[in-house]
Structures are given as structure tokens and as C-alpha cells.
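Let me give you the structure first, and then I'll get to my questions.
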Amino acid sequence: MLKEKIALHLAGPTPIPPQVAAAMTMPMINHRSDTFSVLCKEVASKLEALFRTQEQVYVLASSGSSGWETAMVNFVPAAVKVLNVIIGDFGERWSKANAELGYEVENLRYASGTAAKAADIATILEKNQGSIKAVCFQHNETSTGVSNPVKEIAAEAAKYGALSLVDGVSSVGALPLHMDEWGIDVAFTGSQKTLMCPPGLMIIAASKRAWAQADEAHTPKFYFNLQEYRKNYDKGQTPQTPAISLYYGLQAALQMLENEGWDKVQERHHLMGEMSRAGIKATGLKLLCQEEEFASDTLTAVIVPDEVKAATFLKTAKDSFGVIYAAGQGKELKERIFRIGHMGYMTPNDVLVALAAVENSLAAVGYDIQPGKAVAAAQEVWLRDIRQH
Amino acid sequence: MLKEKIALHLAGPTPIPPQVAAAMTMPMINHRSDTFSVLCKEVASKLEALFRTQEQVYVLASSGSSGWETAMVNFVPAAVKVLNVIIGDFGERWSKANAELGYEVENLRYASGTAAKAADIATILEKNQGSIKAVCFQHNETSTGVSNPVKEIAAEAAKYGALSLVDGVSSVGALPLHMDEWGIDVAFTGSQKTLMCPPGLMIIAASKRAWAQADEAHTPKFYFNLQEYRKNYDKGQTPQTPAISLYYGLQAALQMLENEGWDKVQERHHLMGEMSRAGIKATGLKLLCQEEEFASDTLTAVIVPDEVKAATFLKTAKDSFGVIYAAGQGKELKERIFRIGHMGYMTPNDVLVALAAVENSLAAVGYDIQPGKAVAAAQEVWLRDIRQH
Amino acid sequence: MLKEKIALHLAGPTPIPPQVAAAMTMPMINHRSDTFSVLCKEVASKLEALFRTQEQVYVLASSGSSGWETAMVNFVPAAVKVLNVIIGDFGERWSKANAELGYEVENLRYASGTAAKAADIATILEKNQGSIKAVCFQHNETSTGVSNPVKEIAAEAAKYGALSLVDGVSSVGALPLHMDEWGIDVAFTGSQKTLMCPPGLMIIAASKRAWAQADEAHTPKFYFNLQEYRKNYDKGQTPQTPAISLYYGLQAALQMLENEGWDKVQERHHLMGEMSRAGIKATGLKLLCQEEEFASDTLTAVIVPDEVKAATFLKTAKDSFGVIYAAGQGKELKERIFRIGHMGYMTPNDVLVALAAVENSLAAVGYDIQPGKAVAAAQEVWLRDIRQH
Amino acid sequence: MLKEKIALHLAGPTPIPPQVAAAMTMPMINHRSDTFSVLCKEVASKLEALFRTQEQVYVLASSGSSGWETAMVNFVPAAVKVLNVIIGDFGERWSKANAELGYEVENLRYASGTAAKAADIATILEKNQGSIKAVCFQHNETSTGVSNPVKEIAAEAAKYGALSLVDGVSSVGALPLHMDEWGIDVAFTGSQKTLMCPPGLMIIAASKRAWAQADEAHTPKFYFNLQEYRKNYDKGQTPQTPAISLYYGLQAALQMLENEGWDKVQERHHLMGEMSRAGIKATGLKLLCQEEEFASDTLTAVIVPDEVKAATFLKTAKDSFGVIYAAGQGKELKERIFRIGHMGYMTPNDVLVALAAVENSLAAVGYDIQPGKAVAAAQEVWLRDIRQH
């Protein structure tokens, strides 16, 4: 098999469009010049549409996970108490990061495959009587394929005077996220998942309420100090040298998404999510997320049947059927699930490929399955969608 | 839908791997330098493996269709009689080209969807008692998805003292073609179909027998004069300025094919051919080529059902399901068939996508079809193939 | 030394801008689709501005030298008498091509370094009393760095009823060429010299007078048959598969030239020509072209001093000073001159580099020269130019 | 003028080779796969050669300036006293960063254009009797074009039990830096200056002595926690998602430098430094750095003559002569100097261009200068260098 042509269905990085690849080859420019300012401002303007916000959106030269630290050290005073809502491994990691950064962390944990409940959060906030200063949670938990009820959680946080900090790394742009309307205080994402770019950029925005508290956030910081980004925003510059080639790539990617239409991008992801779930169900396999309402439209976690070894299945999918899925993440899930990424530079056709390889790989490793049902079910969902539009 | 991500199932050009695209961006070099010689010789060496020949293989800066003219003016004396075997539109076009080039053309025509029979050719050659100096035919007729019995035809031509000139534009590399062993006199291809490159290169080789007659081929010629290529071969140069960027691309593409294995490349195409046919049959649609033995492994022509308008179907496939097929070619077939290209930078996963879109597009335009069968049948073929290896 | 960063001052190919390289990586498209038509028409429209013509301009997938054959077989009847004006090796090669194509060739030769004189041509045309059907000549003879008086020669050809066929391979775009106004019948160029693209495209246009004679040009032809290009022009297609990646590159290159301004491009080349000549003269070296009026603004040929071996000089320039010049071309000039290309993606700064390396390389091989004068003289020319604008 | 072809002589970013640009377009891969591990380890291995160290070298997804924070929070205990040696604006910024990160900062300042003296540092360390835990300084101060005596300073730091932390952002690879031999405790650089890549990667290594103190460095940290990089090193992974495209670019760039030879790269930069200084002196202009021993070989700062306005000069250089220099940095130097970057993907030819534009731009804005002397002097230096090798 042509090993270079492989369908990448990771949880990220996701495939790069040729247009983005080409944009990244543009010659270097002075990042203190008007040429860069124009680029910087155009990217910011498109990102504001993406975040549905009228606040400034900043682009930092770092991976998506730097969003955790950046959200905290800029807006949450050092050493205060914060609530980490954990529905999967990325939630765990943020909680751990907060502890390392010196915060007093209270954790609210849910079983894998479950979404958080706003009421649970309200209960904890109530009990803590204002001592919890921030609620930290994922919009979309990439390790389990579950999306949290962001709007409801943000509302409870606001009610109790806590900031709502949202990790949108595998959601922003692909899943509905109305930063201003929903009262989200900080939201951030990375370049390498829904945004069709290579990793290396972290993108973040904060509400007026968050900014009002920024001066009290005395946690030592330098590189991730957003005050400096804020100062440089109007002239279209960044305090540190920006990752220019990735900036050009992001510009090209955002242009493609804008051309498609910000809403249409979300509709496409919703269709891909529905197709994935319908396909998996049609095979008789089980989804990790049992609640359709909270099922992620960017990634689907599937329970590996007892008779099958996850690693063998993944290797067969890659070597024999040209598809790379994400393995389970974290001790509990590593052997128990595999995950199908369906975000970014993907269309429903990619979902068909991913589903066919699930069936064929399972069959090839000896699992009793009749190939064809998954794709058929997914085709049906797609067809219905087309007929409705 | 993300319009930039579309599955290109044309009869050519075919998709370009990122590795080839990157190679094409290398800086210009002196085409009279050692640097180019090394490139030129490496490409030639890989092409000789591809053509299964010990003769020299030349790369010209021109489209694949220049192969017709180049084969003729270099090896067939001006104005002599030649036999054009026509099983589709490309056969017609070569015949027409030969007439324009001043040859006396005898045409042997077959119904669309049919392969030529070596016996028919023998009959004509016999009847003409040595006056026919060349037999011109397609290895793979791209307009109908039919492959000719090259070996048998070449044998007959040889028997009657005629050169066998083979248009391998949509076959070389992907379908078995043993130039030396089968006694083929001239074979040529283009860069943009099975070879995973953009159009712009024509690649050609000739047998010792053909070269022995070259001096008698007095047809006026300049640009396509292979004698000049022959003179420059040993120093790794070309008489005219080579298309350097495409040369770099070709080098990268051939390297990928060599890595996969020359035989494996053909096995992959055979699998894609089988999957395509099994899938189409499973839907109840009819293939244009009724003889499995001669069905093309690089392209499948499908008869459009009476109830469906070809153009509407094609538009739906593109706009709603993100797949571009080739329309029927030539007056007779334009409305009657559509064609699914499955060659070059493609894997069986691409065939699944192409098949699903056939079903869904037909369903979307109101044709009575139950989506899912085509992909299921193709998956089964693939699974069987994996199990056998 | 960083061997990848070398200043390419060949007679072609010339350096490729990153923007052109990036454009060439765009995904393949259907060359029978509207997407290609739009590209095709936009390129044609810019080329018409470049050729200063209201006629159609065609882009063929072939090297520049195919222009000789294309001009002849489309517009000049087979076997008639033509006049080849030869002021260098490219003139010789066209004459040879014409002979191979079956024309009766009359040659008018000039000493290397000399331009043709319209009066000489008139004399021959007069003597031949209308039997000469075409006058074939270079606008810019790349082997000697001499530009011919195109306008005057075209006028004489017209007067005597002969077509004027102009090889503009190293001139179109960079040197003034007013196709319509000067009454040129056929002009052509290649993609790889003044047009900042890799080789692989030949671009050609013909006057109404030429087209009026096209039907009588019965020379056998297929690939280079411009009638087919003419038929396909209005729908934005090409009869043969176009070299799509190069087409995208050409579009990007023409856009850059248009942005600069068609006239400004020529002014830049004129400045580079003047700087080159002033620099060479300042060193005491001799130019091959002694008449400033006819000196080429795209390439400067310099006489190698007697004490110096051309090959040693060229090797030193490349290995020690990072500059590649073109060697002398043809037996007579191979050891006698070297040539400095200054066209396409070049600025006066590239001329400074080229000149410094001339001095330094000569000095390094033991020639008695005081480095610095060449660049100083060139700087002065540039400074004067800036002051005048 | 062709505005896209401009000579970038910034202090960074520096020009990108086409080979690096092409490498950045490679398809995304799983950063937890063997494919990435191989890439990661190869890059690390080349970087260890570059740093002249047997310690591990880490690549982070961030700009070069993150090196300040990373060096501190990983190896210097929170809130202790540190010495910042300041010879220019980057020194000031590191000092400021240290203060923001909560360290007690003692500053040792020198006049612009001057290098630090190891003896001064010894005096301060002596006086502080072991309370200063780290000496922070630039190897090459990009704002003034002065290189510090790294070896001597590191030796004093070691003597007094302080760590030597070296900002090598504009030096590593281009200037001699023997990390292990010179006893440097932490050294770091960025991808966008000497390393021929776009910005976005920070590269850092630490000595055994530094690592031995790492556990006591309790400054809150998450993203820049090198312990995590250390844990992942042997499996060829990074704790955060790596900037894959830049990683590919860095691999290509390091391969080019290795091909040239690590020592040869430094020799090239030394030659460019000598040429720049000789050229500037020949014009009668003054260098900011008066001590040849400490003059930077990657960047030359030149004092703008009193009669000339810096901004006007820079604009003329860019618009009329196609060269972009770096302006002066920081309040004191903004109007007083301009800087010529000569590092990374540059050769002595680039220095010639930069020098010619200095003369011509000054002349064009009315300064009394005779163009030609700078380039002549630089040519002479180059010629002498060639003759000696």
C-alpha cells in the first residue's frame, strides 16, 4: 500500500490543506512592519468572528496546552482556589497544571463518557461561598469525545462570581461556542485541530470581566503575559516574535473557513459527528458517550470489543486499511477505546473511510462483524441531510 | 461543504502527493550541469524499471498526447500505411492525428466497451501483405475503461513486420506492461495519470527494432526528434530545456512508487479495479466493459441509468457529495456513461468514497437505489484481498 | 560555503520566486472545468498585455524552443523558402530546425556580437522577388547578448510580403516588444527566462495576417497545431492537457509583473543592462556586443581575457564566490566569452553580486584586476537612475 | 522595483531556504508515533553537535525569548538573587523578565557598543558572597552587535557557585559556543536567526550542574517545565504537542548546515562579519562596537551620520535599493544606529548587497559619500579569505 497516503483520524494534529501548506512557504517579513500588521489584524478579525466575540483575540507562538497556563496566570490570582471540572484526561491534565502553578485545586470528576452537569458545579460553588475564583473545564473533552454544556456551566460560574475558563482546543470553530452571548470569560484553542493548521499556535480571548481582574493576578509570568499582547494589539504586533509561517497558514485556513461560512463549518462537523455515531451503532459497537446530547461532533470514542486487542486493531487499521485512529488516552481508556477524529480539513467522505476501516480491521483481526453496515448507515444520514437542505 | 477538499476521480489529472508538490518547489538549476545529469539519470533508471525495459526511456516537456506524434514521426516512415486500432475516443484521436501527420490510416473499430482482438488485427495485417508498417493502439482506453491484450497484439504486429506502438498514458506503472518481454516497439505515457505528477511530461521508449527503422522515418520533425534525446542520453541531458520542476516532481513520485514496490503498485491498482467493479455491480448499475478480463484497473466506466441525466448526476456528486468523476467522452458516450478514475495517488479508500458518492448522488437525484451496497461489496473485496496476503 | 544559496545568472532557467513555487503546489483540477477556464483566461489576458497585442495568446505545454516549429508549421507553407537571420547560436538552431522541417532556408549571418541590419534583409528579400515567405529572427540572441531591431526588420518583411517570425524567448516582457504596433506576425517566448517560471511552457501569438495564411500551411502537424488552440480559446481550454502546475505558476508570476507595472518591468531590465555594461567596462574587460544600441538588457556577454581559461574562471566563480554564469555557447564562443543573465526574478542587487564575482573570480585565478571598480560603476548607474525618478 | 524580491537584513527573522520551506509542507503525523520519534531524535542529535554538548537538547514550541523564562524557572530557585549582565536592549528585557518572574535582580550595565568584562562580574559575585545564584547574559547582543566573552564569564560564574545562563538566540551555530568545554550551564536559541527557519521554536540545553539544582527551582511552571521534556527525551517525544511543520523545517536546515560543516558555518559567519565591518569602515561611517575582538559576526550596528535621519535612510534603502535593515532598538539607539543582519541563510554576496545599499541610500538622501568603497573593501576581505584557503 502507498504508505504516504494515509487517512489521519487522530485527535490532532489533523490534515493540512495544500493551500495552508503553500501559505506557510511565504518569505519571512519584519514582524515589526506594516506588512505583518495587516496580516495580524486580518487574522484577529477572522478569529473574532470564530469566537463570536467583540473582545480581542490573541495568537501566541505555543502549543494549545499553553492555554491552560495562560488563562490562569493572567486572570486568576496566584494561589486562590479553583474548580477543575474533569470528564477525561485533558481535564486531569489541566487540574494537574493548576496545581503545579500553585493554585488550590478542587476537582469535580465524572466517569469517562459522561458530560459535566451545571447543577453539580453550582452545588460546589455554593458550598464554597465565593472562595472558588474560577471554573476550569473543557468544551470538548478530546480523550472521551464528550462535549460539556458550556453555556449552562458559564452561567453558574457567573452567578457565583467565578470566572469560566474554557479549553476549546478541539471545539472552537467546529462546535457552537458563543463567547460573548454565553458569558464565557476565557476561551482558547490551538491551531492544529479544528483550524486545519500545524501545531504551534495558541489562540485566546478574554471577557471584560476577566480583564477587570487581570491586575490582581500576580502569578509570576513573562512569556504568557497577555497584558503585553493587549498593549500591542492595536498596532497589529505581538510582544514576542510571532511564528510567521504558521500565521500565514492560519490566515489561509481561516479564509477557507470563512468562504465556507462560519455556520456551515459547524453544520459540516455536526453531520460528520452524526454519521460517525450512526455508523458505529450500525455495527453493533458501543460508543463511550451514551448521551447523544453531549456526544462530540469532532471526535467519536468507540469501545473496543472484549475479544479484540486495541493495539492489534489499530495496527491492522493502519497497515492494512490505511487509517490512523487515536488510541485511548490515559491508563483507564488506553486499551478500552479507540477514537475517530473528524474535525478540521475533513468532509463526510473522510468519515466513510474511517467507518469502513473500523469494520474491515475488526473483521481482519477475527472479530465477528459483517462489513458494510457502518458506511451504509452513515451514507443514509448524509443523504437525509442533503435532502433536507 | 469545504469546497477545496474534493475527491478527484477524473481520468486525469490525478491528485498530487504533498511530497511531489514539495519537490516541484526546488530551486532552478543549470540543465547543462552535473546536478541535472544526476537527476536525469536517476529518473531514467527508475523509468526503465517501470517500463520493464533495458532500452533508454526519454522524458519530454510536453503533454501525454504528444506521444502519438512522437512515436510516429520518429519510427514510421512518412506517408506509409498504418493500422489504428480504435476501441474508444483516444483511439479515434490517435487515428486522426496520424491522418493529419500524413499517414495512410486504416482503422479497425470496436464497439465502446469492447477490447480489440489480436486475431482481427492479424487478419488485416495478413490482407495488407506487409504494407502496414505500424499498429497503433491504446493499452488502456481511458474513454471506455477497457484494456487491450497488448502482448497478443504486439506479437501479431511483429509477425507481420509491423511496429507495435502502444499508448500507455493511463496504464504504464499501474497495469502490467512488459515492454521488452512482450516485444513492444514503442510505449509512452504522461506524467499526470498513473505517475502522480501534474501534466507536462511525456515519457517514451522504443525497442531496438524501432530504432533500426528510425533513419527511414523522414517525416519532418524537430521538437519531438528522439534522435536528439538519444544523443544526449549518456550525459544525462535533454536536447530542449527540460521542465525542471516537473522533473523533480517525477523523481519524488517514482521514489514513492519504488518504495511501495513496482509490483505492489500494480496489485494496488488491480485491487482498486476489482473493488470498483464489485461495488458498481452490487448497486445494479451496468459497467460499460462487460468482459472482466479486459476491464481497466485504472478507470471504470459506468452506464448512467435511463432515468437519470448524466450532467445532473455529476453536478450532484460534486456539489453535494464532494466527488468529481469524469464525464463520458465523445458524442456517443457523453450522456451515456460516467467514469471513475482510480489511479495514481489513490488507495482503496478512495474507491470507497467514489462508490458511496455514486449511490448517494443517484439517490439524491431521485433514482431508486438503496445506498450501502456498493461500499459493502467493495469492502468485502478488500477484506478478502487482505486475508489472502 | 552554503552551496544551496547560489546566485543563478544563467541565460535560463532563471530563479523562481517563492510565490510562484507556492502556486505550483495547488491541487490538480479538471482542465475541462470552469475552474481551469477562469485560470486560462486570466493568464491569456495578462499575456496579451505583455505582448502588447489584441490577438489571442496561447500557452502550450512545451519548452520555448518549440516556438520555432510552432511558428513555422502553422503559418508558413511546407517547403517554401524562408530567411533565417542569424546573429548567434539560437539563430543557427532555428535555421537548422527549419531545414529539418523541410523548408528551403536562406541564411543571413552576422559576426558574433553584432545585430542584424534591416537594410541587409531588405536587400535579400528584394533579390528573391517575393519567394521568401518568412523572415525568422531572434529579438534577443541569448548566446551573444545582442538585441535585434525588431521593428525595422518586421517593417521590411511586411514590405516584401514575408511574415516576420520573432523568437522572443529571452525578451518578451523584459524588452520593449510591441507586437501589434510594430506589425510582428508571430512572436513567442518560454516560461523560464523573463517570466520567472520553471521551463515547460511555450507562449505564442500571431497576427491577423499570419492567421490569414494559416490554411495554406500544410506542413504535417498535430501537437503544435494552433488551429486547435484557436478553437478552444473562447471557452478557456487547450486542445491538449495543459501543464496545470506551471499554469498556476505563470498566473502568479504575471500577477507579480502586473503589480510592478508592465513598463516598470522593462525599466528594471534596462537598468540592470546598463549597470552590467558599466560594471564590466569599468573593469577593463570587453563586451562582446560593441554597440550600446543593440546591447541586450537581459544578458551581457563578456570576453574572457586571453590570460584566463574560461572553465577555470567559471568554476572559481561558482565554488569560491557563489555565482553561476552561463558559459559561452557554440564552438566559437565556448572559450571566448561568459554570459551574465540578468532577467526575470532579479533586481539591480543581483547585478552587483554578479559583477563583484567577475572581479573576484578573475583576481582569484591570477588575472591582474583591482576588485571594486565594477560594482562602484554599477552603483553609480543605479544611483543616477534613482535620482532621475 | 519588484517589491517581492527584497534583501532581508533584519536582526531576525532571516531568509528561509526553499528546502526548509518545502520541508514545512510535509503532511502531519502522529506526534506520539515512531515516525515523529525518528524525526525528534535526529534533530536532537544534530542540535547536540551544534551546541557542542553531550547533554540533551530540547525543542519547544515557542519563540526564542521564552528561553529567558525557561532557563530561570527550571534551574534558578524562586525569588533568589541573580545577576543580569546588560550590554543592550535584550539584556534589559531579560532583566525585566526576571523581575516579573519574581527574582531579585542585580543589574550590571555597560554602555551601548561595549562588551561585558568577566572581571566586573567577578567583582560583583565576590561582593555578594554566594547569594547570587545565576549570571544571565547574552552571547551576542542583537541590539548592538556586540559579542560577550562567554567562556570567561562562565568561568567566573562557576568559580562563585552561580549558574551561567546564556542567551544564544543570535549566536548558536554561527558563533563559536562550546557548551560543555566552556562550562556553560544553560544555553538557548531560537529557530529564526542563525538556524534558517521561521520563528516558533526555542531550543535549550542545560549542564549536569544545572540539572542537579533543578529540583530546588520551585517557581510555578507548567508549559516550560523541562523536567517533562527530560522524561520524554529517550522515547523521542515532547510533553506538549510539538510544532511539527517547524520541526521538519529545522531538520532540513540542520541537514544543510551539517552538509556545509559545523565549523565552516562559523567560518562563513566570521567572513561575513569581517566583510561588513571592513565595508562600513571604508565608507567613513562608524561602527557602534569599537572593539574588533567583541564585534558580532552575525550583525553589524552602524552609527547613522548626524546629517541623516535614520527613518529616511531606512525607507530609501527599502524602497529604492531593495534592502531592509534593522532599525535601532530601544529609545537610546532607535535614531542613532541601524543594524545589518548577516546570519543564517546568507553568504558573503548578501553582505555586498547590504553594503552597496548603505552607500547608495546615504548618497540618495543627500549624504556626502562616494559609493563603491564599501563593496570594494568587502570584496578584498573575501578575496584574501579565498586565497588563504
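Letters A, B, C and D mark the chains in the order given here, with residues in each chain numbered from 1 onward.
The definition used in the following text is that a residue touches a chain if its C-beta (ideal position, glycine included) is under 8 Å from a C-beta of that chain, and two chains touch if they have at least 3 such contacts.
A quick map from chain label to UniProt name: A, B, C, D = Tritium exchange subunit.
Just so you know, these numbers come straight off a predicted model, no measurement behind them.
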Measuring centre to centre with C-alpha atoms, which chain is farthest from subunit D? B
Set B-D beside A-D; more C-beta pairs touch across A-D
Whole-Å gap separating subunit A and subunit D, where each centre is the average of the chain's CA atoms: 35
Need the CA-centroid distance for the pair subunit A / subunit B, whole Å please. 44
Subunit B and subunit D have mean C-alpha positions lying a whole-number Å distance apart equal to 54
Could you list which residues of subunit B touch at least two other chains? 4, 18-19, 21-22, 25, 27
Residue set of subunit A touching subunit C in the complex reads 18-19, 21-23, 25-27
Could you pull out which subunit C residues touch subunit B in their complex? 4, 8, 10, 12-16, 21-22, 24-25, 27-31, 61-66, 68-69, 78, 97, 100-102, 190, 192, 198-200, 219-225, 240-246, 249, 324
In the complex with subunit B, residue positions of subunit A that touch it: 1-5, 7, 17-19, 21, 25, 256, 259-260, 264-265, 268, 320-323, 345-349, 352-353, 356-357, 359-360, 363-364, 371-373, 375-377, 379-380, 382-383, 386-387
